[in-house]
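Labels A, B, C and D are assigned to the chains in the order they are written; within every chain, residues are numbered from 1.
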């Protein structure tokens, strides 16, 4: 038996391969271009003040998109993600009136987790299609949320704002710090634990995972649970940055989280998608409106431009590949 | 830096930012048009430059970020139509720290740092409820359509409305929602009428002046006293056209031109005058008595009335021009 | 032990008492799917170090038994013990822990996992950490130990050829030195060298005392590897056999319940036709293909041989326009071709029976009739039931001539057995004035009777003057039925065999890159 | 069945059950939502006898038909294996195009312009999905956003156009049939439904939508022009959404940029409750109308019980969930 010689490449070569496999090269490149354009148009982004307000806007979206990503990884899609976010936001904000922060956070995350487990159970064990289940649960969770709290309010304190979205760290916006913590933790779970690989595998082929003797349903349920926890973090960050709980606060994250995951190059059939790509895609989409504001463009254009970014970043590589093949054919 | 620039700019134009959180919505767009019409009127055009930002989904986080962008771009004052009654606190704190005055314009906002220039929405709800009680006949069965659940304006007002109606002896037999959309109001009223054809009055919060009577017509039922209030031209015309058929109604609505009023107050403030911290203006009421004067037969049904504000003298033509996005 | 031939009546064969040293004991195993009786009262045992074959026609119940042993399916009744441990929980993990592992007929690898992940992940708790690097090291070592160095442990499984995937699937079943190993048609995608490799692995394992359950349709393999075997028919035991104690004809008649011959029909004489050549292509270049020239005359059956993954799939797809390709000269049905698409190919008279019938061949939710009509739907013509009514004669003709077992044109294609599904994919091109039919291993994994029916149909096509390009993994088919055979090696034609040179040895030799007399070394490389 | 064998007589109860099961399993899927609607309608009658009237039926059917018209396009999109989330803003786009064009071109010109606009949207969706390979859900969400921007940037004021009388007459006017007053939109929608259902069931193109939805690769290798079929499917979806936009303008006598918002999830819900498979290859126009009827009747029942709008959402979600669960159980059996 000879000793293995294969894994001799540098680890970062491996990382790039992985990014490419997970479809993240185009969105990373798109973010870099976007960022450079942004800084040219508005150098003030790099001031502490603007960086922080941009970060506070983008971090909840990034977390919602990460939650959506996990569902997409197992081959589903979560229509209820906005509703979960609202519920978790509201439960957290209400709990802050009576409970110390850690317990309130637990309450908020617990509420989100319950939704995730509900969806996950129906999808994994009753084998209902995720899009249909979450469509129904979006109605249900939204209704429960408004029963719990019918208008914005809650007991979020300025101290909590400081801890999640304020100027706690020198220069670096604290919200970016928390996002990085969650992102790294999620990366560890997805890439460095067997469960994470199972989640990727289930999206790629649930039958095969099952035939390998693994618990495919469990992995699916775990994905929904994990997703809802991440989304709940997003809801708490949102409560912190707006210093309020709001029963409609999550609504706008449904479409934008899906758009961000698409921009991140994830495969909606499951099994492929990158954390870094998703975070950067969320940053790009989240800041289009701000960029247009500083460029002095009518804010209506943001809808058009966001759509074009998604379509072109995902579509251009395809066009490029086809033309490349065509050119090669002509040459040969 | 804000304070310093503001001081240096006294001989220049005031830069005033406006944040509107629901791009494309008719009432708010009419408000922005009125605001622009005023800003370009002779009295103001040498004094102010506007920076208008629209965000979507009535989302507090986006509004908050957009207001921070306004601060960063060096405005002298910020007007905003609150997406929530407390969601912009972060931006307001920062604006206050830089001595940029902030005016909540169009809805209430809970903060001691914020001036409020708004319609008196709380009263808008109760005015209608009281009118309905006074106009109910012997049949005290009332159907209620609330606006949009979870929106502060709705959820802040509806409990009071329900209480007044109940205390006044009305029996609420059916509850629905109008989604602040006449089509939804019509559909949901029709649904209610199928199960409760015998209602004696309808309270529909801030919308429904067209949809509710249309639903009655479609069901072949006689009109009952109706409270609505989108302030659409169609509402006024519906009331005046059907007055003969016995339609009695009270359409209570706030003028979108309150945005222009906000601008007026902001300029006063920047010019160093004192303004009241909280200014709540009574809503308009269209009833059978004045419906004819409000109805513009050559305008479409969903032309938004209330484009002018007492004391500002804004012209329809100007508003329409700016509504078209000039 | 002698061959027990079951009588025609379906009475269960009395279970032979298992000797006390038997490793795997199956007793009165029964599986019902609703009204469908998949397996009924099956008993057999397997001694340590023994290879026990399970054979039977399609749908006889082999895979169902394999799945019950592997824990993928819960039996309706009956018992399975492995080394004294009862195994009926229906959990694959329990079976693996008890030392029973299985290479499934439907390949059970995760396409978006690397080879290393596929090999490493099944053996670990979900909540354990996972290191790519360590898994790649382990997998590379494992593959090297199994003589599979050509497979890159870092490659995604989806990028591997079918044969390589089957190798990985087998490798995964072998790891962890199972007490009992089930190989369900593990050789179906392997060429002769692959089968040789598999047999070496089996011998290594049996030498260590592992029991192997070997499922295959290739009776020739049994002579080499099987110590004993059980013949199944309609879910019941039809008989048993042991080494040296059987003939192919006996087994076939036991499986089929009648005298059936394994004889191949011979190819009809090439008709002398004035019609233009069916296909003339020179220097075809595409992904995985490297300058291929082919000529097919009307009525000619051209076999394509070679090992899986040497360009056969790509060749067939390119010729049907399903993957981009170009050629210096390309005539289809006498007409020049520039850029071919499947739509154009069908218009020019081509038909294609793809590799994977479930995904590439059929719409499983639609009826048998509509699946047959799939190529013939036109937007502005009738469809649905009116069309089925107007095409009734053709549809029932196809169903009858291929003896497709179905309840009628409205039955969902998904409810049919694999062999019958295959016949639908084939049948849609018959009697439709085709000039060229491309066949991708249409007899893979289907039973003897279905094979005979397909052979007949292919020869009938040839008689009608249709050109046939037939890729098969079974060398016997190529040698016996085709007029001519080209063997692909690394995307090129390694050899072209005809007449006396067309022998099984020559095909196999060319497939592994060994020159046979008459071909110079230059042409091969 | 007239003859019974010995085995069947022995196992009589079981046979009866299987017979029933067979009848049930042979029933076309589109009949299910209609049955559920009838059940809900009767329940409504039990709670409040006044609800058990033709007028009430027509009333529910009218609003259900409006939702159904907006969902017919979605049905086509779902059958061919996709989903069309650009329905809301296609509705608004067509309504506003129509209102913009009736000034210069007259009602017919406006209608043609709006339908052409819908066609263009559908073709773009289809080309992006089929040729660029973007997921339908993403493509159509992006298209929906893009359209919103275009709406706000282009159609200044057109929602303030006075709606032509002819259109109102074609949709909202009531006529009397055997003493029952029926809004014109109901027969109009039924006609549309029948035409579309005939196209789906009995034309080659309609069947090819099912073929592509159920097995795209197989369709491709059978020589079907899969991309073109897909594109045509999306085009149909958007054209019908455009029709829905014009119907909405006529029926409610108003238009705005956000007028389609309710149909984003509403159309998907109607299609799903109507028995379509979200994975493609299954669905029908009749079923979608049935789905819309069920949703409409649920709203009526909630109104009867006076549970308030918030609880209505809850029940709505629960019903959708239950219906989906029942369907998929049946599909698996």
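To be clear about the criterion, a residue touches a chain if its C-beta (ideal position, glycine included) is under 8 Å from a C-beta of that chain, and two chains touch if they have at least 3 such contacts.
Note that the coordinates shown come from a computational prediction; the quantities given were computed from them, not determined experimentally.
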item: Where subunit B and subunit D overlap in contact partners, by chain label; value: A
item: Approximate Å spacing (C-alpha centroids) for the pair subunit A, subunit C; value: 43
item: Subunit A and subunit D, separation of their C-alpha mean positions in angstrom; value: 31
item: Centre-to-centre distance between subunit B and subunit A (centres being mean Cα positions), rounded to whole Å; value: 35
item: Subunit B and subunit C: spacing of chain centres that average the CA atoms, whole Å; value: 71
item: Residues of subunit B whose C-beta touches two or more other chains; value: 23-24, 149, 325
item: Shared interface positions of subunit D, touching two or more other chains; value: 148, 152-153, 310
item: Residue numbers of subunit A (touch at least two other chains); value: 146, 298, 300, 303
item: All chain pairs that touch each other; value: A-B, A-C, A-D, B-D, C-D
item: Subunit A - residues contacting subunit B, complex; value: 44, 47, 49-50, 53-54, 56-57, 60, 145-146, 150-153, 158, 161, 165, 238, 241-244, 246-249, 251-252, 289-290, 293-294, 298-300, 303
item: Residues of subunit A that touch subunit D when the two form their complex; value: 77, 79, 122, 126-129, 131-133, 135-144, 146-147, 255, 258-259, 262, 268, 298, 300-308, 310-311, 314-315, 318-319
item: Sites on subunit C touched by subunit D in the complex; value: 320, 322, 342-343, 345-347, 352, 354, 359-366, 370, 374-375, 377-387, 428
item: Subunit B to subunit A touching residues, read off their complex; value: 23-24, 52-62, 64-66, 68-69, 71-73, 84-91, 93-94, 149-152, 154-156, 325
item: Contacting residues of subunit B [partner subunit D, same complex]; value: 23-26, 146, 149, 172-177, 179, 181-184, 186-188, 190-197, 210-211, 218-220, 232, 234, 298-303, 320, 323-325
